[in-house]
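For reference, the structure is listed below as structure tokens.
For reference, chains read A, B, C and D in written order, and residue numbers begin at 1 within each chain.
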Amino acid sequence: MSRHYFHSYFQKSLWLYQLSKAGKLCVPAMNVNDSVTKQKFDNLYCCRESILDGLKRTTDVMFGGKQVVVCGYGEVGKGCCAALKALGAIVYVTEIDPICALQACMDGFRVVKLNEVIRQVDVIITCTGNKNVVTRDQLDRMKNGSIVCNMGHSNTEIDVASLRTTELTWERVRSQVDHIIWPDGKRVILLAEGRLLNLSCSTVPTFVLSITATTQALALIELYNAPEGRYKQDVYLLPKKMDEYVASLHLTTFDAHLTELTDDQAKYLGLNKNGPFKPNYYR
Amino acid sequence: MSRHYFHSYFQKSLWLYQLSKAGKLCVPAMNVNDSVTKQKFDNLYCCRESILDGLKRTTDVMFGGKQVVVCGYGEVGKGCCAALKALGAIVYVTEIDPICALQACMDGFRVVKLNEVIRQVDVIITCTGNKNVVTRDQLDRMKNGSIVCNMGHSNTEIDVASLRTTELTWERVRSQVDHIIWPDGKRVILLAEGRLLNLSCSTVPTFVLSITATTQALALIELYNAPEGRYKQDVYLLPKKMDEYVASLHLTTFDAHLTELTDDQAKYLGLNKNGPFKPNYYR
Amino acid sequence: MSRHYFHSYFQKSLWLYQLSKAGKLCVPAMNVNDSVTKQKFDNLYCCRESILDGLKRTTDVMFGGKQVVVCGYGEVGKGCCAALKALGAIVYVTEIDPICALQACMDGFRVVKLNEVIRQVDVIITCTGNKNVVTRDQLDRMKNGSIVCNMGHSNTEIDVASLRTTELTWERVRSQVDHIIWPDGKRVILLAEGRLLNLSCSTVPTFVLSITATTQALALIELYNAPEGRYKQDVYLLPKKMDEYVASLHLTTFDAHLTELTDDQAKYLGLNKNGPFKPNYYR
Amino acid sequence: MSRHYFHSYFQKSLWLYQLSKAGKLCVPAMNVNDSVTKQKFDNLYCCRESILDGLKRTTDVMFGGKQVVVCGYGEVGKGCCAALKALGAIVYVTEIDPICALQACMDGFRVVKLNEVIRQVDVIITCTGNKNVVTRDQLDRMKNGSIVCNMGHSNTEIDVASLRTTELTWERVRSQVDHIIWPDGKRVILLAEGRLLNLSCSTVPTFVLSITATTQALALIELYNAPEGRYKQDVYLLPKKMDEYVASLHLTTFDAHLTELTDDQAKYLGLNKNGPFKPNYYR
């Protein structure tokens, strides 16, 4: 699979909103990236596994006891943190958003600025969608043997360009793994040249692909079948009911049994027995 | 604290939407209940602790090895499940919503209908907001010594009325704890007569109260200060920026240090350096 | 239950070995305290729950985001750390024993000296069996509002005596909870006057009592029935087979189903089909 | 690394005891396999990571929501169960030993006979040291697409020989991965032909190798330097103090800081300030 897979989803949803804002969107569009099911599976649940897989396949690192800093505590960061904590790593979080930062606190992670821990951590993982989250100055201060990698949405989170200078030596030790060697002999292990670890060095489970593909197909069907006027030249979120439908199609995999509302209960809750079960803003 | 505390928040947000729908809302209103910070703290993080506390204070039950079914996998259910799983209970989930059901699967819980496990579980916990989630017929089939309690939003989730019949004996064994005794001697332990366990038998941390109170105060200030026309006679969610402000005020408690965007980064992300950092629909 | 309950088990096992060493033990004795089943239940599994319960009942503290240091990473410390980590606390460990310290690392806890974190932690919990683990000098440096308590084996782990001086004010705020007030107004919350939190402020589940009582009864029966000469005037560990028997009697509570060895498998492993299944030194 | 690596450690310790029992051991021997540090690292901590790694590299399976049965709840089984549970799998345990079974209960796993769950599980993992733990009859009843693998000590835990019959087709889909195809088209995925997954399809971290090698070297030094008569022609466990020394040498990796006993504390505990800190039977 192309390593541009996720990039394009996230990026395209941004582009759609920019086009819309600029009045240049000439058809109705569906932002499938932000449907609940797509978000949780592509990001939280998938990355919870691929961060471990990507690190193991490239470096064989032992997680137990390692100090790790995860930059960004969105869905991807939450998945990375949960997995690493569960396997005995000591995890720090950096955040710009106070809501996500407070969630990190409640989940048991110290929220720090990168500079506070840069000299002590064994691994840096970026999951921000931002650029230059790890700068050359910070890479200079990392420990010998430490690992730096990116789980975010582009290859700009780590300032890899700043490492392509004459005083540093690059040594490719295996596919997707470079040792960057400082003049004093210090080595920092850079994975996938700063591109997405989960796509470059791990795999996307077929289950996750199925959810994403189903979501896309349903969005297209909805746009095609919608009566004149339901959608204008704007960006829409997938209707809740379709999001729920995607989920329901995947429950059988787990032999999961849904409870059905009685007529009386549906009336009490003011809901249709077949859904949607939540308001649109519910996540 | 009054046991009506949470009830009213959730209920009032429902009433507001009903009034609005009926065209009877005569002032602008803010649905503070569904701000991110309020939701996560009052529900997820608070209940994660109060389910353990409420059960211990009333029954001294040991969690390790117990089989528990949690009805409803919203924020409250998620908190209950996470806490009980962490302490060695085996947890089953019931759900009507396929999205929440799929999340329960991915978090490691079997999704079942209540009747599939009713004879084997040691504890039933309701967190649905629905009524008659546990019926008399199901209570009849519970094991001797099993516990039934409610963490949802009213006292109708367990059909307690159906237990007030002549063939069953009620024995109050301590405050908030009744043994319901069947003719054959079987006892089911009912907590708080089916009212909210977290409010009747546990406490709400001052930290959570602070978040809720701050959210309310800011909502009122916003409504009061808003320029003419910003808010109509409708129900609004708290502006993202205020939600973030509430969170930022509480970060110092944890000695958490936020990272600030550089000018360059803010421009790249298309964000104001002071927030809001996420779209309104982000949860 | 008397708060001396555990104390006496641990203490008596020490006394037995001292008597034996001094040649003053005049009958055979069984060290039931160190049977596997007793150790794990009274210590690891029981304390994993009672640390949460004891803290909640006395202080209503919210665990999420709190910084906690646990002194001692034996069975009791392991239980405390696991529970607090699971509920979102950030936990540090102090240890004297490098084996236990290395286990703490692998389980995701930073191993520090108490002085490194004393100024930043919200809670100190002692589980060492040692004395003066928390000294007056350290109590002087704790934060305002921090909590100090003891889960170890006596009331000497925290140097409580050093707090009974004229410049400090004691204020009893509820049963088992004292605020110690420094001249500058700083308050430290001392639980159970430094005695065992799990016995003073929580409860011991009947399940754990059953295991302990069964272990004791079987030890007595073994000593009484043993043929002349099997036991000399020394201290013995409970025979593995009896330890296994205690466990097997308690499995039905959990509807747990043991697998039985085939004749062929028993022969392959060199085991009797009815146990014991492990060498005596196995823990 | 040879896939016989662990096998030989465990096996050799068994052989030593058999030789000793038969009076054929002609030199003193040290059972390094059962030193605490060796046991925990080679088994618990190492397998906690390699089970995930081995499954991912061979099958790319998603762990979330999968139903898994782990046969055997010793150190290896405990590691496998903890890791899979943490990543959202639903885990069942089979055991012959009631003590380990009771621990599995308290850690939140249902203890079942293999036949109770054979039709519903997605993955079977053997960690018993026994033979024929998974029989042909049971393999016949597994679901289409299910995975079977071995983390135990030899290649006999799964009855692989019984699968080499004419009615079944073997299809090698990648290195270490065979699809066994039943006449009706059902496929079971067999990893490493039933040999050790952790050695065949994952890696052993250098940190774990260092601990094992250090333990061995110290055992040899001890035997060589021991005064005449300290060791007879028997099997000995590594002296506690050496076990502690191995651990202390590895603490610096984690920047862990040990606490030192004061003279007063050492006297109170009856310990030498430099250890050993625990009795020999302590695990």
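Rule of thumb we're sticking to: a residue touches a chain if its C-beta (ideal position, glycine included) is under 8 Å from a C-beta of that chain, and two chains touch if they have at least 3 such contacts.
Quick caveat, the model's predicted, so the values are computed rather than measured.
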Greatest separation from chain D - chain, by CA centre: B
Selected pair, greater C-beta contact count between C-D and A-D: C-D
Distance from chain D to chain C - Cα centre to Cα centre, in angstrom: 27
Whole-Å gap separating chain B and chain D, where each centre is the average of the chain's CA atoms: 41
Cα-centroid distance, chain A relative to chain D, in whole angstrom: 33
Residues of chain C engaged with two or more neighbouring chains: 45, 64-65, 87-88, 105-106, 110, 254
List of chain B residues in touch with chain A within their complex: 34, 36-37, 40-41, 45, 94-99, 101-106, 110-114, 116, 129-132, 237, 243-245, 247-248, 250-251, 254, 256-262, 264-265, 268-269, 275, 277-278, 280-283
Residues of chain C that touch chain A when the two form their complex: 64-65, 85, 87-90, 105-110
Residues of chain B that touch chain C when the two form their complex: 45-46, 48-49, 52-53, 56-57, 60-65, 67, 82-83, 86-88, 120, 202-203, 205, 207-208, 253-255
